[in-house]
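When the chains are written out, they are named A, B, C, D and E in that same order, and each has its own residue count from 1.
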Amino acid sequence: MLYDIFIDPFVQMYDMPDFFLQVLWEGFVAGILYALIALGFVLIFKASGVFNFAQGIMVVFAGLTLVGLNENGVPAYLALALTIGAMGILAYGVERVVMRPLVNQPDIILLMATIGLTYFLIGFGEFVFGGEPKQMITEELGLPTGSTAIEFGDRGLVILQHIDIAAAVIAVLMVAALGIFFNKTRIGRALRAVADDHQAALSVGISLNQIWAIVWFAAGLVALATGIMWGARSDVSFALEIVAFKALPVLILGGFTSIPGAIVGGLIIGFGEKIGELYWGGLVGGGIESWLAYIIALIFLLFRPQGLFGERIIERV
Amino acid sequence: AAQAEDSNYVPLLTYRTGPFAASGIHIANGMHDYLKMLNERDGGIGGVKLELEECETGYNAQKGVECYEATKGKGALVYNPYSTGITLQLIPKAGVDKIPVLSMGYGLSAAAVGSVFPWVFNVPDTYWDGASVVIKYIGEQEGGLDNLKGKKIGYIFLDAGYGREPIPLLEQLSEKYGFELMQYPVGVKEMQNQSSQWLNVRRDRPDYMVMWGWGAMNPTAIKEAVKIRFPMDKFIGVWWSAGDDDAAAGGDGAKGYKAMNFSGVGSDFPALDDIKKHVVDAGLSSTDAETIGGTLYNRGVLNSVIIAEGIRTAQELTGKKVITGEDMRMGLEALNLDEARLKELGLSGFAHPMKVTCDDHAGSHPVFIQEWDGSQWRQASGWIEPMTDVVRPLLEAAAAEYAEKNAPWPARTEPCPN
Amino acid sequence: MNAFATEMSAEPASVAEAVPREELLRVDNVSLSFGGVKAITDISFDILKGEIRAIIGPNGAGKTSMLNVINGFYHPQQGTITWQGKERRKMKPYEAASQGIARTFQNVALFKGMTTLDNIMSGRSLKMHRNFFWQLIWRGPAEREEIEHRKKVEEIIDFLEIQAIRKTPVGRLPYGLQKRVELGRALAMEPDLLLLDEPMAGMNLEEKEDMSRFIIDVNQEFGTTIALIEHDMGVVMDLSDRVVVLDYGKKIADGPPEDVQANQNVIDAYLGVSH
Amino acid sequence: MALQDLDQSSSDSVTEAAETILSVNNIEVIYDHVILVLKGVSLTVPKGGIVALLGANGAGKTTTLKAVSNLLSAERGEVTKGTILFDSDEVQALSPNELVRRGCIQVMEGRHCFGHLSIEENLLTGAYTRKDGHAAVKADLEMVYNYFPRLRERRQSQAGYTSGGEQQMCAIGRALMSRPKMILLDEPSMGLAPQLVEEIFEIVRQLNEKEGVSFLLAEQNTNVALKYATYGYILESGRIVLDGDAKALRENEDVKEFYLGVGGEGRRSFRNVKHYKRRKRWLA
Amino acid sequence: MFYREAGQFKTSYKADQALMPILQDRVGLLVILAIAFVVIPVFANDFFLTSIMIPFLVFSLAAIGLNVLTGFCGQLSLGTGAFMGVGAYAAYKLTTIFPDANVIVMVLLSGVFSAAIGAIFGLPSLRIKGLYLAVTTLAAQFFLEWCFIRIGWLYNYNASGAIEIPHREAFGLVVSGAEATPIVRYFIVLCITAGIAFLMANVLRGRIGRSWMMIRDMDIAAELMGIRPLQTKLLAFAVSSYICGVAGAMMVFFWLNAAEPSSYSIALSFQILFMVILGGLGSLGGAFMGAAFIWILPVFLKFIPGTIGIDVAAETVEHVTFMIVGALIIFFLIVEPHGFARLWQIAKQKLRVWPFPY
């Protein structure tokens, strides 16, 4: 028993290095994908202190719009442009109808409102696109689809999917762009101000409406990227909404307000989960992935209650 | 029940929403369209129209019960829950409310034992039948069941009642034939995120993979299998992992993927033409003509064929036009869908002839294997008989255990029509 | 009835100096820093039983931090605190409460979702003991206990003259009343030492006068020792027995109000020219 | 109405003497649809004036200021009657950020600093609406630091951890960063050391004289407020009960008695306050 | 005008502390109880009982449970579903291990197990707060769900992986299993829910309820006033989980009759959370109102087209229902973020001053 827990997994890693590398790669890819979802959450949380539960459905929605337009004969790139437009409209609508009337309300109320939004979008999305899963138009968008196998002589091989590599590149670019946008511009500061205190932000002349429309739009773009990447891995369907839960531990681990936190958190969870499942999961019958991420996050939290990169929780009287 | 005097009421618990909509929609369309076609073409069954009502369950047990409660008072003849969870909830109610449950090829395997479960039907096969067919087929590929010794067979399944159901039988067979069974559960939340499972597969290198998936799990699994370059011809799914969309998701790489099936492949049947003519082209269906002939669509059609034949048989047995749930139960129990009848229905070759007896509500009918050729399914084997000798005793034991656990489980009092 | 306010002493506090008083709390060489910020540097002073001890100093001098050290919310890096003759090491805030230290807060820290009555009742938490089972049943012991404490609380309510807002959720009260409720809540704990952090900030003269009266009454009627932070020099001069002055975390003066007021260091650092 | 004559003459002189920058006409404010807080308040602030709004706790000072800066909706309050004109524009039609852009900014009661931002970042958010370039903002930042040297020392600290007084300075400094034409100051002196209170009011005076900034200040510290203000209003239970020139108010017996604490024989001692229910004559 | 406390003076603290000091409220409650205990059983049909009233009561109880934790003690929990599941599985094990014991007792006892589990998962709440705490409860949710699937012992190794409720009798009536009549099940659920609601009302108005609210409103101040944060939070976790556990057990015993692990999934946690928030955090009455809204509204929406004779496809109804429910959630939050309970209070206040606007 002890052997199985403490020694055997490492022996395995050593014995099958190609496999271990593959596991790491899968962990990396999963991490990047989780990070993409988490990124959407972070943007909105950072800007308003709102935990946007609807991010998951926005991913589905963006993906479905893209594919749905394409199915109806719109060329891929035009469909992409139109989808971006649709995310803009969504952002504006959310700001107008949900956020604006709820300014200065407690976080939990805003969380609840985004859940209401989720319901609405599920109904609306299925109403428009139907519940059938759709296939992502990966090739039409010019994304690579093949795979490369790197061989290690006779020690086996590691298979890298090109789409996964593309996902990693896109994620990194997105993080960089968003990071620059939010940290180097005055908007970045304003965002954090809004998250701290809506009313005070209003009082110094920060336009909440404008800020919110911007971040919801940014979150919409992230959702679209996420939708394309996840869609390429499986399908674009409403079941995809569930993967949004995977973003929670990532988010919490990284800290709700940190863009790099989302990436680092994603990677920790991605690696931890895959290694845990593959080398230790078998001991308890497998499938521990469903909760391992939360336990990993929980352990980190016990040492840093605000997450790895989160802002300190202010306790002062 | 105080329902209209001139129609037979058939509620359809379907799901076109939720995480399993991907599979559920085709089933729902097939079920609905065939019955609707009977209404349009023949004016119903035995001269009495069918009153159809869909109730959306979203594959959710709570909503399923709600649908059941809402419709049972309207004189429902039979329930097709299309979810193992909902089926389990309805099984004990069926006898009390006197409405049979038809779980065609899913649900509780033990319900095949008619003496214990007079109100539940799972023609044409139970999951255990299915599992035994898969093993038998793999044995054939390997040149005999004896050659299975020392082989590794992987079993990837939806980690819910549905996917776990075949495990006892597989375990028994693994003991009997000496192959190693490796399990890869996929949580409902992990359906679209199976890379760990497939990494495990890659490490364990099983000789064959068997899949018990549903909804979004299927296409994801096929994609992942392609990704790790698992030989697709050694990857066999249950009949619920046999959707056209499921396989198509894997692209070219999915060529060679196999699945069990017990309902017709393709749309080349007169009855399906009638559906197209009377229902789809008339704008009475929510699907378009292309999906007719898809595996899951046809499955839905077969389900409705059984319902319709059950009603017809009941009408014959009782001499009534408008029947009740109790009559329906008798009708189903006396169901005999032979070759001649299939031909009459315009469905010759659409399914293996089926017969239900009071003792055996599943019938352990033969199943065939189909193969994906990159754009559509084609039949890849003849009809394979399940290993009834292994399955039946297991079913009986399970039924006895169920009755014991749910004691006092009512003894069968319903007369046997045949 | 108003148990405290009936007998109102009109004479100035001269009694105070007459009896030599016992030491209630002593702070020795306490230093506290946050990262690079030295909030408190090597401060020592004492608080005698029954006195009103004022702590003053410019903004950010470390006054609030000092109170936080006293009731265990901050743990100083150096120095000791002696409470009723016993030296204390790291202590949890709730232990301070059970030893008889109560306080009010600079940024009102009321329980916003509760009514005034409940807020003050919450001050009695430590004195109520009926367990979960009795609470479930309510009738009988739990109810009797509740009523018994409610009586005490009503006395405090009468004393502070906040009868009218008894059932109002405190979140909606104006700032000044919130401060008053907060005082009531601290009083309900029947503490030995009461720490008041700027109890009169944001009040107008009339309200300050009321508040002063409450503080004096509490001090004289209950004999409660009071440590008071306040920026209104009028109040400090009139109420306190002794004043300690902090500046940038250091103690720059300590003594009777008149002396402190005349101290040039204090004038430079804190009072400014006009006083 | 004891002061009828006085406020008649003085208010006339004020309104006629200068252009008004802000006028509040007979407004009513209701919170939560049921709590009526302001019952017809009117006041005017002349361009370049310093107007004090005095009154007991809960009188509605904060509410009035929030109505002016259009922040009530964030508290589920609304102006149900009357109009507010800033620079002859209807305030209710402008968004809060538009108001700031036009030069009307509020320093909120109870500090409201952005806790997670550093002091410097807090100050910079004040310049959010400005479009006149980095250099100008930088210069103003220097100016604020010169007003409040303490802030310069703590510029990198998270505002949430600074002391109450430091936060108050930060909030005032932040408002200055927007280069306003008019500042609504809600209890600026609260929690500040006496020396600093004087300093802040000196700053107010400087800004007023040098830059022509107008002020509407809600204050409890009547003494100081009336020393620096040109005109004052006294608000009780949602109604203006008294208004007049600051000087005249300082001389008023009631104001002396209830707000300034000076009786005939000079300052009263807090120790000797008698316990009796006082009644304000104008409420009679 | 009609709703007035004028003239109703309290002469003792006892009367003032009563649950409902105002006469009209007491009358209102009596009317509701009369409807619940007399009118509904007499007039309601099976569908109304089994698909509306029973689930409504079960959810109300669960919402009370979550409300204790989130609404009163301020600890956000997303693990309600799993805690309900613990109750359900515990009750199932208890009734199968002791086949002769009274199921109602077993159901009440099952809460003890979920209380223990809840308290364990409450331990990190000492350090972790707010949304971050949600991760602990989510860990509980997913871990427990996994246990329900993986630990065969919990469901007596049924091949289906589900728990199926056996036939049991008590007081000479069939109380569980398929033969239990809706009316019997309704009465059991009603009594348990009303009983627990009453007991909780007692706890919440006393010292313990106050200490929870202190932690909720300002934990630092509470601690400085002598509240031990860990004990207090753990008690809240335990009590809340107990109630949720009982609700979960009732859900399977008196409503669904069989349950798969997915019956206690995260979706259930969210459903209960909606009820609590829409009903009003920190209000017992709100828990009922929230449950009514979230459960009954979709059921009605679903059957409206059928009853008024429009033929709409089932899935369209579902989609539109989703949209309407989503829109209504947002709408009500905008109208009154503090939930129906507050809305009700405001309505009362308006009644009080009626016919004047304020």
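The rule is short, and it goes like this: a contact is a pair of C-beta atoms (placed from the backbone, for glycine too) under 8 Å apart; a residue touches a chain by one contact, two chains touch by 3 or more.
Note that the structure is a prediction, hence the values are computed from the model and not measured.
**Q** In the chain contact graph, what is the shortest path length, in steps, from chain B to chain C?
**A** Graph distance in the chain contact network comes out at 2.
**Q** Common contacts of chain A and chain C?
**A** Chains in contact with chain A as well as chain C: D, E.
**Q** So the centre of each chain is just the mean of its C-alpha atoms; given that, what is the distance between chain B and chain E in Å?
**A** So the centroids are 37 Å from each other.
**Q** Indicate the whole-number Å distance between the mean C-alpha point of chain A and the mean C-alpha point of chain E.
**A** Chain centroid spacing, chain A to chain E, equals 32 Å.
**Q** Suppose each chain is reduced to the average of its Cα coordinates; what separation in Å results between chain D and chain E?
**A** Here the centre of chain E sits 48 Å away from the centre of chain D.
**Q** Would you please write down the residue numbers of chain E that are in contact with two or more other chains?
**A** 142, 146, 149, 220-221, 224, 266, 315, 318-319, 322
**Q** Of all residues in chain B, which are in touch with two or more distinct other chains?
**A** Residue numbers touching two or more other chains: 16-17, 159, 185, 187-189.
**Q** Give the residues of chain C touching no fewer than two other chains, as numbers and ranges.
**A** Where chain C meets two or more other chains at a single residue, that happens at 64, 73, 105-107, 109.
**Q** Mind pulling up the chain A residues that touch chain D in the complex?
**A** On the chain A side, the touching residues are 103-104, 186, 189-190, 192-193, 195-210, 257, 311-312, 314, 316.
**Q** Which bits of chain E are touching chain B when the two form their complex?
**A** These residues of chain E touch chain B: 45-47, 50-51, 55, 96, 99, 142, 146, 149, 156, 158-162, 164-167, 177-179, 255-263, 265-267, 299, 302-303, 306, 313-315, 317-319, 322.
**Q** Name, in rising order, each residue of chain A that touches chain E in their complex.
**A** 51, 97-98, 101-102, 105-109, 112-113, 115-124, 126-127, 131, 245, 248-249, 252, 256, 284-285, 287-288, 290-291, 294-295, 297-298, 301-302, 305-307, 313, 315, 317
**Q** Any idea which chain D residues touch chain C in the complex?
**A** It comes out as residues 31, 35, 54-59, 109-111, 150, 154, 157, 161-166, 168-169, 187, 190-199, 220-222, 258-261, 267-275, 278.
**Q** What residues of chain E sit close enough to touch chain A in their complex?
**A** 76, 124, 127-132, 134-136, 138-139, 142-143, 145-146, 149-150, 220-221, 224, 266, 270, 273-274, 277-278, 281, 315-316, 318-330, 333-334, 337
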